[in-house]
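I have placed the structure first, in the form of structure tokens, so that the comments after it can refer back to it.
Labels run A, B, C and D following the written order; every chain starts at residue 1.
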């Protein structure tokens, strides 16, 4: 389902991918898990534009993969094409992850709180769940090991952005403030890129804060769609920068010609 | 240097290899380190005679290797020929060793004590050594992880078999008695096969005890060549069984046609 | 003495109540022929470890074989949630030990290596620690005060993994080499069964010894199972069957009777794995999922 | 941006006083061309980690480059003891941290994985523990009382390993695959230099991605070094030079002057690695040590 961006020649999925891509840098070393089209497209786009040395391990295995298209899984062997290394999971991957050599991890969740923690485990109580979700997978591991965390969500609404998680499957800034550092964990969430806006984290409290609003979105619209107060920075909140024609072409033609990224907007 | 065995059609190196071989069983899973010709020949001979399923990882890497001959190193890639698996040291080998899947380890040392502990580190004090030896290598590791330990020595004399080690590089029965079990370590030394005799370990004290004497060797000769008292079992001490013609042929022709094993009798 | 067994005999090695670990990851490389035969033999009360999986867990839960699931992630990825697993956990008819990938790997490593625990930073600050009391411990290093998670051993009775080639002695290899986390469950298991796309001569292993994944002494039974990972993938030979996943999810969404019919006709009913593939598209399906070797 | 450097420039990356780890095992796969250039550039006060090695350590000690050695085993195996190392330790002119293989591996793993320690049973009951206070700790598991050794992190400044093929981006591979413990030092090191038998096109890696040993992001410099492991082996291409070892030991046994002459003519003197091989037999030697690929 493709959502047009008002006054721009692109759709929401494209805006989110490009925004993600621009947050990456030439020293980004990333991997990905299941159902991660926005970051996977973002890594590939960044590598093909401003960050040629960016490392991406497709499904955490296929280093420097360059698949001609993405399919119905970002965790499968179908996206390994063009890899320079098929790395071994127990030996290579977990060493690079634990050693923070892989420095970038992106996750989303059924619930996200103000500190960038996420829940992908249950709605309701763990022992008697109302809804049993897929589970955290490697989220509890990789969110503690990786210094640069990015959160994305294609469903910015009060069901997703909640005041209190039913379960903390993935670690963002924890309870906020110094919590992460006190546990000896590196870095923390950098940005949350959603269907409405981009948020960063206020340096002291580590609470979500407006960074930019997607075209046509207002602060009030976001606040209404969010189960907690999003901090408002000093000065005006800019509009999220639009993709360039070049970025759109590369994304549409080279990175994701079958528009697999729309699977995240089901 | 080949030492004839009186009254037998074989030499000391051959007697030691065959004795070692016969101590192996069909469920032996072994590996080897540096300068280990007697055990390497023993594993190969056992596999080619009574223990066809025996596992031997050549230089701890080449599983089921079947080299046409042995060279000047038992730790090198020259003995990997015929392997069914070249196993990876950090990942495969150390897992099989720590997990006691490899169940058999043989070592020797510049000094050996009554409990089957060995020294391959220094003569004299560690900080101001009279003689700096090569070091333990993996001995301190593998002697603690492996349940069936075999000790061999081609120099049964008071310099090697000492009352007190200058340094304990490899763990035998430790201080004797329950010491090994108290540390949570599996098994312990089973036999010591030397240039004069075969010794086992008295079950309670874990002290070395005569098991058999090589042809022409007496209890007195061994005691004189040993820096501690070797326990004497009840009944007569048998003579070490001689190799069969078949064993000798297989050892001489198939296992070690270049007589590399004599490198241990320099 | 050959270790080759037929599927029926190998599955018969699994006692009711066993802790059984199924290899593969998500829609990849899962020993599905074996899983199907477990269902046909009506095994009961299994404790099922599958680090990241979907269809294998959902089948076994649907068929009533499972008492307890240990996993990090259970889903069909973008193709849906595992419907029977989900319902069973929500209804409380099975136990679910949710863990995370690296905590499970670390627990398996501790078991495989005779260690009291393996340290990791995995899970610090998350609720995964609270639901795993008794299976891990939050400790701090006495010298530095650094916190870590001590992952306690997770021993496995039987590991089942799918490979491309094996010989009759049990030497086995995954092409092009081991990629997923299967070696961790094999190392932690008392007994290992491999299902294999094909049996190859022993000399195939001595010719390329660097490609061997599991040496014979780690393998207890070798089961010929061509297309044995179907409907999951076996890289680089064939991919997962997307339409099977979609139709399975659709059937589960159409009501209990519809799903039971689907499960009987398309999963549990066919007597052999070949008949099972026939029930899902036969030769045409085999051609469809074949991928160019890469 | 290419990572290819010549030998001189790569060795210039090593500051005096650095902790440098040399790969290989015993008479196998040691980056000897690099070691020789370290000698020629007269590096000083190095802390040298070589888990199991002989000739590399002995050369660097003989040339006065080394303040401190960390190793598990130092010898030429059946071909003799490392004479200069031995004399220097006995004379107290270098420090020696004797450890054991698995304690070193565990310490490297702790460093590579940001863990306060790695547990192992290695060394329990031996005197290796007593001489490594501050580098390991004997602890017991609070639940089971089980004893273990906590191996504390061993960070490395520069790792140098020898490979068969690398591309200009730093992707590197060992044929047929990694066998020794080199990956452990690479993972623990801040900077990694690979010396390589040959530079190959990048497409050589994408064509066979399962054979890659080190991905480009683990490698900082790639140094072309044909026969760069000589006089140690580079399986499966060439074997170690037995006669070099024997003549080296003989020279060391003949007195100080004889050895210094040998070391100058046969080791440190020649300006290039090719001239060094020429000084030890040249093309005839290359033909002699070549082995059939296996």
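Please note the rule applied: a residue touches a chain if its C-beta (ideal position, glycine included) is under 8 Å from a C-beta of that chain, and two chains touch if they have at least 3 such contacts.
Being a predicted model, the structure only gives us computed values, none of them experimental.
Student: What is the shortest path, in steps, from chain A to chain B when you may only step between chains that touch?
Tutor: Minimal hop count between chain A and chain B: 1.
Student: Could you let me know which interface, A-D or B-D, is made of more C-beta pairs in contact?
Tutor: Answer to which pair has more contacts is B-D.
Student: Taking each chain's centre as the mean of its Cα atoms, which chain lies farthest from chain A?
Tutor: Result for max centroid distance from chain A is chain B.
Student: Distance-wise, how many Å sit between the C-alpha centres of chain B and chain D, to the nearest whole number?
Tutor: Going by mean C-alpha positions, chain B sits 28 Å from chain D.
Student: CA centre of chain C versus CA centre of chain D: separation in Å?
Tutor: So the centroids are 40 Å from each other.
Student: For chain C, jot down the residues that touch at least 2 other chains.
Tutor: Within chain C, the residues that touch at least two other chains are 114-115, 120-121, 146, 176-177, 183, 209-210.
Student: If a residue has to touch 2 or more other chains to count, which residues of chain A qualify?
Tutor: 80, 86-88, 90-91, 98, 145
Student: How would one label the connectivity among the chains shown: line, ring, star, complete, or other?
Tutor: Complete.
Student: Hey, which residues of chain C end up touching chain B in the complex?
Tutor: Against chain B, chain C makes touches at 1, 109, 112-115, 169, 171, 183, 187, 202, 205-206, 209-210, 212, 215-218.
Student: Which of the residues in chain C come into contact with chain D in the complex?
Tutor: 114-121, 137, 139, 141-144, 146, 148, 152, 176-177, 208-211
Student: Help me check something: in the complex, which residues belonging to chain A touch chain B?
Tutor: Listed in rising order, the residues are 88, 90-91.
Student: Touching residues of chain C toward chain A in the complex: what are they?
Tutor: Residues of chain C touching chain A: 25-28, 52, 71-75, 77-79, 81-82, 85-86, 89-90, 92, 96, 98, 100-103, 105, 120-128, 131, 146-147, 176-181, 183-184, 233, 235-236, 239-240, 242, 291, 294.
Student: For chain A, which residues are in contact with chain D within the complex?
Tutor: Per the touch definition, chain A meets chain D at residues 29, 53, 55, 62-64, 80, 82-87, 91-92, 95, 98-101, 145, 186.
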